[in-house]
Amino acid sequence: MKFKIGIIGATGYTGAELIKLLLNHPGVEITAVTSEQHAGKKYYEIYPSFYDRLKLKLKKTNANELAKKCDLIFLATPNDFAKHFIPQLLRKNKSIKLIDLSSDFRLAKTVNANNKKYDTAYGLPEINRKEVRTSQIIANPGCYPTSIILALAPLLRKNIIDVESIIIDSKSGVSGAGKGPKQDLHFVEINESFTPYKLGGTHRHIPEIENELSKLLTVKKKSNLKIVFSPHLLPINRGIISTIYVSLKRNKRKKSQNEITKLYKTFYKNEYFIKILPPNIYPQIKNVRNSNFCHITPLVDKRTNKLIIVSAIDNMVKGASGQAIQNMNIILSLDEKLGLDTTSNIP
Amino acid sequence: MKFKIGIIGATGYTGAELIKLLLNHPGVEITAVTSEQHAGKKYYEIYPSFYDRLKLKLKKTNANELAKKCDLIFLATPNDFAKHFIPQLLRKNKSIKLIDLSSDFRLAKTVNANNKKYDTAYGLPEINRKEVRTSQIIANPGCYPTSIILALAPLLRKNIIDVESIIIDSKSGVSGAGKGPKQDLHFVEINESFTPYKLGGTHRHIPEIENELSKLLTVKKKSNLKIVFSPHLLPINRGIISTIYVSLKRNKRKKSQNEITKLYKTFYKNEYFIKILPPNIYPQIKNVRNSNFCHITPLVDKRTNKLIIVSAIDNMVKGASGQAIQNMNIILSLDEKLGLDTTSNIP
Amino acid sequence: MKFKIGIIGATGYTGAELIKLLLNHPGVEITAVTSEQHAGKKYYEIYPSFYDRLKLKLKKTNANELAKKCDLIFLATPNDFAKHFIPQLLRKNKSIKLIDLSSDFRLAKTVNANNKKYDTAYGLPEINRKEVRTSQIIANPGCYPTSIILALAPLLRKNIIDVESIIIDSKSGVSGAGKGPKQDLHFVEINESFTPYKLGGTHRHIPEIENELSKLLTVKKKSNLKIVFSPHLLPINRGIISTIYVSLKRNKRKKSQNEITKLYKTFYKNEYFIKILPPNIYPQIKNVRNSNFCHITPLVDKRTNKLIIVSAIDNMVKGASGQAIQNMNIILSLDEKLGLDTTSNIP
Amino acid sequence: MKFKIGIIGATGYTGAELIKLLLNHPGVEITAVTSEQHAGKKYYEIYPSFYDRLKLKLKKTNANELAKKCDLIFLATPNDFAKHFIPQLLRKNKSIKLIDLSSDFRLAKTVNANNKKYDTAYGLPEINRKEVRTSQIIANPGCYPTSIILALAPLLRKNIIDVESIIIDSKSGVSGAGKGPKQDLHFVEINESFTPYKLGGTHRHIPEIENELSKLLTVKKKSNLKIVFSPHLLPINRGIISTIYVSLKRNKRKKSQNEITKLYKTFYKNEYFIKILPPNIYPQIKNVRNSNFCHITPLVDKRTNKLIIVSAIDNMVKGASGQAIQNMNIILSLDEKLGLDTTSNIP
């Protein structure tokens, strides 16, 4: 018997990616897809690639109906929707499982419904698997935070870097900005260009990143962890590269390249989706696109005593819908890799 | 028990695509990958996306070893290799199955080995499935021919078009030109440009296309089928759109759009990978990329009494490695869709 | 003394291209730029590339003010604006010269104002220079029509092709679709894809193309000239390639490649911006981008007795703003090449 | 009378850009173009965009002939050529002026020829104009160094940053890697991807950058200036964005955004090609492509007390051939802007 899955906000890019991946997942079936804007249409009218493949019609989002039809629901909705709608769903179906791809619960920890508090988990399984496994509600991480937290976790857990030194220069494909047509996202504005945006500590992902990075610290004095975070927009559809600069603590500066590589390999030794590359192979977006893998190369810059950590993910997969399905697999007690074990496409 | 599969010429783009797809195929395991140029290296040294996923080392191509290790072999090799090597493989292993992705056997029909003649089949299953099913050696079609023959087959079988009127304007992504670094394929030369090439009847796929189109005719007088074929290079990695213009025979000019759409739908009604779109949805490369589907929209241009047929495929999948695996599934008596049932990625 | 120039609709892509080109033109100065949407802003707030280069503020479009400030006005406005506004301008300034980049006057021939009829000219100088020179109002041609008419003119003037046989397969960069943000023009929807649109005789440029092609015919019987026109959208910013297929008249089929090349070279021998390439060099978008040149290669397909003519232009320059300035130079009695004599950029 | 100009290595990308720009320069004429690989061909056979525009034939590089035919020569040649060839040219023509686009003289200061020492100048006019004006031999800066030195010069001259804190994350278009066909530069390898390369202090531009940055320091203790420099390859033809992170000296941390912006504006107040943008407009590659301008936005990150400086140039223009012509204008006592005063193209 297959688990019944609903997707709210099914016509955005993360919704489409969820459906694409779920259609290839042997343990589930899609039973509901909703869209306020496109209710009444067949899904292929929005995405012809699903012609003759997903025959469901899009419906308006209705808590009653969804709560009946679904064992688990993905919310691929704009911010500020899930926080109001998840309590409604829980009232209709107390055991329904919920994975929210928005930022609504990434900082908040609990949902009030049915006269009780439901705990939520921050759904980065490689860091947080135990908490995920026991939660009914998952806050799926942001794409930038995923690429950054995975890259820094081994160093922070080992407590070997200066937490005031973290500088993160991230570059993302355009799908991360969503599907809505905006002047800045017009093909002609993006193509053959490249641009930084929201520099100087203004990006909305910063609290999420700093919060999760601080939790990784095993020492008390956490309050001074502050990152410089500079996102840039790449003229490509998918993928994030984060190039991260940190200073080793003064008494840790003798770390060799081998020690650092080994530290990362050990930290992630049981993690299927994290690949620590040798120092002569750098992460490239083409090597992770359309896959749930995260490639990481940590490098020692001997001239300057800095560490440079480069990570690559597909923002739509490991950075959104793939990770959401990874979380689904965990909370449905399925094999964590199910439906996600594909290699990036080259060309 | 899984079938054992070898890939000769594993480091080209069609080789990489075969391996990517086969790793997700539940009925087979890869037992040999060869490359003259890169023998001795691990596969991920060529394609880091396979890091920790395909651990086989690349070896030199050795008929003896391959014949022992494999039930079926894909030859993703340059033209003129298979015609010499396939007889050697057949001498070492009389029952080995062979799928050649080069053009060596697309026009030739037989292979001599072991004092007998082996028949080959032109591996376009939607047209030729019976022949494929009973053949040990498959000539996998070219990418342009696949996109063109599928688009014209219903009309030719029904004998309703003027066979001297066929004009084919095809546009292909760059992966179709292969992996070798050439001046013309330098990023800067292709990007933000678009160019026709080999116009005026000079492209090497023309005999293959004309030969297969002629076979579809159910009338005797076939000799005058000649196509105008104009390939163009798109600044994208994958995908082919063929826009095809034909004149209906003088006594068939009254065909309505509905009749033509129905003719196509009927012709392909049992074909999973062929989607006939309604006349208001045109094929687009994004809707087939990274998938084995072929989208076709046939259109009646009432002003001029011409038919316009547009088809879209991914040249690396339905136009090469995906179709090769479709052929593999058929000759190994597996479900034809196995390992190939994925939707294109959007974004 | 420099001519004073105004641009109405200055913030669209053709407006920006006009300003870019006019800033490098030694014979003119820009005295007014208007935009309903952005009135009050400085131009660089819309296009930072003009920071510290064009210091004019954008104003609302005001006939009185424009008529006083300008010797010549470009209307880079949506369709249906110029037809109402040009009479107003003529009433305020009887000698003002006007170049309309919309389609308002491409089929119409006259404007009524000041109790008289003003003739307009279809501003394709290579075909129509005399008429342009003596006109006060110029209808600047569409981008597709420019690429097509220039490619077919020599054949139609010589009356050697079957006018029912013309099939035009055009491919355009995205800037041709304008600047407004639309779902279909979102970066992610265009990038790595390619799509036909408005097939089957439905594109709004068809009457313009057929009208101008018919005028080229030197024989009476013109009424049956009907084209098949298939536009496609390329994932690039600029440029159009038109690949055109025609049949020679039955009694002209012996034309050699040399004869056809010579016919084109002779026809355009005094035209600076038209380059007839030898048959071994095909037009490519990169060779005309950011330039006012049109590259044309006519080819004889001996196998099928068809002619294939390929033309390339930059849709923003020769297909819009560059051609508008070429027309300006003519009607202001300046050197026709002024401000337009630049080579395409490679890379 | 026009100055006579020769280009050695005319068929590379910087050579083609030089010729494109020089054809539009009113003060010079091109009298010689050389290429070892393509000698004997017409220039348009390599670049059809010059068809009927540059009629010179390519010749082998001959010191005697060049010394006679040219007042000034650009060397757009691989590293290690100029250092041997420039002394030969000086022996044949003692007053010939020479601009070397390779790295041969960027660190070296003198050339020995004719029994004397010729001084060379590092040709970054905004920093070094006086030295350039009086030199016969110019070492044209590298593309990355140009983007970086211009961004940091105001801070270093004012001595307000910690020189051990400089982290430079640069992103370049592909033309910077040259024209030669390599596997890594194949369209399919670059397109839809993004990759860091030569991380950890290994890029060959580091000594040039550190040398020039150190010269800007007005204090004695310079030896500890060491940069972290991380170049990345963008899937575009042209352009560099450098995002640079520095710490203000402990006693300078109170600098406001206004003070920093003003510091930059004052420093560059007479520099036509440098535009200091307000803090709400960031440099974007599209706003400088095909232009000689450098856009810079300096930003104060108040949360972390760091400065972020973003600069954008076109690597082929301000980063190579445009700057070379700017240097030419200076040493030929022409207006420094001549032939270079064009706005970037949008779209």
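Just a few scattered comments:
A, B, C and D label the chains in the order they appear, each numbered from 1.
To be clear about the criterion, a residue touches a chain if its C-beta (ideal position, glycine included) is under 8 Å from a C-beta of that chain, and two chains touch if they have at least 3 such contacts.
No experiment lies behind these values; they were computed from the predicted model shown.
Ranking every chain by how far its Cα centroid lies from the centroid of subunit D, the top place goes to B. A count of C-beta contacts for the chain pairs B-D and C-D puts C-D on top. For B-C, the equivalent interface among the listed pairs A-C, A-D or A-B is A-D, as over half of the contact pairs agree by residue number. Taking each chain's centre as the mean of its C-alpha atoms, subunit C lies 36 Å from subunit D. Computed centre separation for the pair subunit B/subunit D is 47 angstrom, with centres defined by C-alpha atoms.
Multi-chain contact residues of subunit D, defined as those touching 2 or more other chains: 13, 174-175, 188-189, 191-192, 235-238, 284, 286, 346-347. Partner subunit A is touched in their complex by these residues of subunit C: 13, 174-175, 179, 181-183, 185-192, 235-237.
Across the interface of their complex, subunit D is touched by residues 164, 167, 169, 171, 188-189, 192-197, 199-201, 226-228, 230, 232, 234-239, 241, 243, 245, 282-286, 289, 299-304, 306, 308, 310, 346-347 of subunit A. Only residues 13, 16-17, 19-20, 23-24, 47-53, 173-175, 191-192, 237-238, 275, 277, 281, 284, 286-288, 290-291, 293, 295, 316, 341-347 of subunit A touch subunit B when the two sit together in their complex.
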